[in-house]
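Dropping the structure in here first, questions after.
Lettered A, B, C and D in written order, each chain numbered from 1.
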């Protein structure tokens, strides 16, 4: 057997990783098409995710990639129709907040109606948007809407936190035969640090959380941009002798409850952190799933499952105020300390 | 326009079948068959007949929600399908409809987009009511279809009523087809109770769409003889919103007797033909009902498999 | 002191109670106005809630009560503008499912934007709709959307289960200076049994749950139509020697966590039941709130908090299938039995 | 139309102030003042000036989102308000705008509805871009305004660009004012870089609305000289979507020099006046900035009190 050659890698940022995923999948399958506002002209399918579509128009032409008018409902609905007719559309809606303006098409048509219609076939639509948290852009730009779309029966929800995960999960999303909500996060998109992305194709399956940092004292479950803050918090906590394990869920639907349970079995304490507003946020779902999957683990927790999330207040356009509403690194450190203390 | 004789007779028979289907289904509903809320489109049968006479199997067609059963007339479908419990079939161009009014129009626009992207000559005809036409999602669909010159014909079926609200109470103008100008696409009003006139307009618009000429908007003027919807026995029915005498007058313009008269004047239909067709259609419906109802129903286990992200 | 005369009551069904609440409040305050599809013509502001508006047009005239075109987004948005201009609109949107089609106006404008705009004044809008569960009407008619709107910062969510509660809570809603989502439920609306409604005015404050049945063995927390099923289940459970306490939350936002905690402290077991789909449904929020308010109680529970809700599947148009997806009386009985058994 | 001399000079001054405000605010933005994303409406100053010249304190006005700062010209507002951090004030008719495009138009329609219900003679003027005009919620708002003959004037400000997408790429016709016909309301296109022409049309439409004649749609044709939005330093800017030479040509049609020329031809403005006004406006802005910035800001504790259902 020949020696396994070291796989070639390239250093890419998240936008470049997305661009590579689009390009590979559009080359692989000519049914993959995409549209959205300014996806060609501004090369910016999701606000804050510039250049993700660079070069696609030149390579694949104006039939397979299209600029749309400002018609978010029609962007989604035409994707549904085209998917039913055999294409595999990627529909861009800029931000999670703008998805409120095409909520019925996403929640009720894409995620609900075609089951109700007993449609036995496939419905391969990827809806892409960005969560623009951390820059006081207000709710319409910064909303992280996962809790809302998790409540629709037919939607998978993907929220990666690294360029590597983004590429692998996006390729999986495009090959999925059913609807996928895919969210990039501003803080992931603008990271200076590039990541090593293999030249060789890889896919990351849905429903596999990733333990981004190991620890024995407390489990922090989170996703999307908050993973970056949780990792920074874990670093600080380490300085104070607390070993936090950071579990990046990566996909909210399907949810990898096993990985959480394994971690909590070890640490005995669970803190769920999310950027979205606390009330009726996704933390409740995570907690219930853990309780349902492993009542024994929950019974032996030393303190009840804890959540840290944005206060029940509208996202402001003032950074000063936003920083006091949405969990910051310091807040995560504090919450983890409290939980560990209480568990003792 | 010269419409071939078989087409004319086919449309007549289709209209009669549509009407008798309503009657049959209403009976089933009254006797507790679980059809959900029952809606019918009596008085509006000419429009689906004129549309289906211009469509091919691979084309797509969305009837107005109260006329779903007229899909039997679309090439690819048959009467028994109507009783089978599920008409949905993207292959035959029916992508369902949205019980939340209006959200389906963009979906059908997507079908037309796929046809254009693939370079087929498929066409889509998508119908909705004048009430539904106020929904924002329809505006977005029409903007999109116009922007990309998609092969779709929108048919706005103006039956004068949206629930209990009369059209003229809400809208301030004579001709809804003017909406088309606002999208830069052709628009045309037609007497939707005149099946031959409707056929001609649909033909023109469908051919234009099929040959790359882009979308259009047809406004088919008609009248809703059926109630808003049939309530379950015991439920309250309020139908007092129609001005005195209006319903009776509208019955005088029923498209079926009207077309029957035209055909007999043209010498294409005798009294015996009329009776024979009535009988044949009734037999067909009876057969279709027993065939359709014998087809396997989607059961719970199948249902929960479809398009579920995580059980 | 004169003897307290027995208060006069009348027997009303839920539609009549709503009609009385509308009439009283419109008489009391001329700024109260309402619009929606067919609210005059069909006397049916919310599908399944016929005759709620009977006689209002005749009494208050066409300026204060209006039929709208089919424009759900505009129905809500005009209510916001009119409220900012000093009126107190009641905006009717027929069903909870149709609210998906005006989601941005409700979630992001009504519930979010005016805080973001630092609007220091009032925003008195009541949004009314019906949940048409139990009749296989499909998701667009039958959706129970509370979990979605609880996640908007500025929305209160009211879901009564009796005619008496409906009247008292609706009057409170109309007098509230901030947005209220108000849901009737088909099964409450169509109850044959009339209820005794005092002639004298009464208001029911938000944030007060009502213990609809006392019991010592297990707490069932629920709301809206499910209260009826939970009470029927409690009756059955009594036959088997299990005393279930049924807590009707009545308002989801604000939530009366104290009453739940008091009950659970007594029973030691908590079952949350709702009609909406389980994933990311409101049960998770209830459970987290209890854990946050009373970690001691949660720590001493004999079994983890349990939820019973609709399966993660689209609401069908087949009654046969719906009955297997949405909790029925028998399912509640079973879940309560299991929980009690496990707690022993 | 005879426009009084003071009105003309007031509009000129307003346009100059608007332009200089953009420049000032852009400088603040570049130097890290936390104004969020910075957008400006250079080249489109004639439209808000023409509108404000026709409105009263109790009327309502929504400028296009990139022209919020021109609110200073609306009666009831003053320059210092622009720097105060919060313009929202229902009393003075400004109900904010929606960062999600289009969702505010129905809100302003509600203001007009309240005016009608109460029998006041208030009017609302609500502006949005030609890109935003495709949003469904605007269709619903216009249907509603038309149905009830509400006192609202919609101003569609067509600056030729929606982000990087040129108008003519999306729409298939010459005159967006045709949209009005689809709602049965009056519509009119006007050269939005000609402030006097725009003033005349706005005046006509506002007076009609004020006297019970119902809504209308004005399409003001103009050109966006400003970029889509100013990126934060270091962010990527893509402005290559404009055809070669187009921007330069459009600068030749800048409404401010154009109006200056007209006024001087009318003998109403000398070169000295121009310089004096420039200087005065700069002083006013400097004073307004320091005044406005001294006003108390909404702090965290206040913020979390507003319109929160449950903390």
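The working rule: contacts are C-beta pairs under 8 Å (C-beta built on N, C-alpha and C of every residue); 3 or more make two chains touch, one makes a residue touch a chain.
As the structure is a computational prediction, the values presented were derived from the model and not from experiment.
Trainee: Which chains are shared contacts of chain B and chain C?
Mentor: Both-contact set = A, D.
Trainee: Of the chain pairs A-B and A-D, which one is connected by the greater count of C-beta contacts?
Mentor: A-B
Trainee: Per the centroid of Cα atoms for each chain, what is the distance between chain C and chain D, given in Å?
Mentor: About 42 Å, centre to centre.
Trainee: Rounded to the nearest whole Å, what is the centre-to-centre distance of chain A and chain D, using the mean of the C-alpha atoms as each centre?
Mentor: Result: the chain centres lie 37 Å from each other.
Trainee: As a quick test, compute the distance in whole Å between the mean CA positions of chain B and chain D.
Mentor: About 44 Å separates the centre of chain B from that of chain D.
Trainee: Find every residue in chain C that makes contact with two or more other chains and list them.
Mentor: Each of 69, 71-73, 97, 100-101, 104, 108, 113, 115, 138, 140, 153-154, 253, 279, 312-314, 316-317 in chain C touches at least two other chains.
Trainee: Specify, in ascending order, the residues of chain B that touch 2 or more different other chains.
Mentor: Residues 98, 100, 103, 134-137, 140, 143, 147, 169-170, 298, 303, 307-310.
Trainee: Make each chain a node and each touching pair an edge, then name the shape: line, ring, star, complete, other.
Mentor: Here the contact pattern is complete, since every chain touches every other one.
Trainee: Please name which positions on chain B make contact with chain A in the complex.
Mentor: That would be residues 60, 86, 88, 90, 95-96, 98, 100, 103-118, 136-137, 140-141, 143-144, 147-148, 298, 302-303, 306-310 of chain B.
Trainee: Residues of chain A touching chain B in their complex?
Mentor: Result: residues 33, 63-64, 66, 68-69, 71-74, 76-87, 89, 104-105, 108-109, 111, 113-115, 117-121, 123, 153-156, 178-179, 253-255 of chain A touch chain B.
Trainee: Residues of chain B touching chain C in their complex?
Mentor: Answer in residue numbers: 34, 36-37, 98-103, 131-132, 134-137, 162-165, 169-170, 228, 235-236, 238, 241, 298-300, 303-304, 307-311.
Trainee: Touching chain A in the complex: which residues of chain C?
Mentor: Residues of chain C touching chain A: 97, 100-101, 103-104, 107-108, 112-113, 115-116, 138-140, 143, 147-148, 150-151, 153-154, 253, 276-277, 279-285, 287-288, 291-292, 295, 298-299, 303-305, 307, 312-317, 342.
Trainee: Can you tell me which positions in chain A touch chain D when the two form their complex?
Mentor: On the chain A side, the touching residues are 37-38, 41-44, 50-51, 67, 69-73, 97-98, 100-101, 136-138, 140-141, 279, 311-314, 316-321, 324-325.
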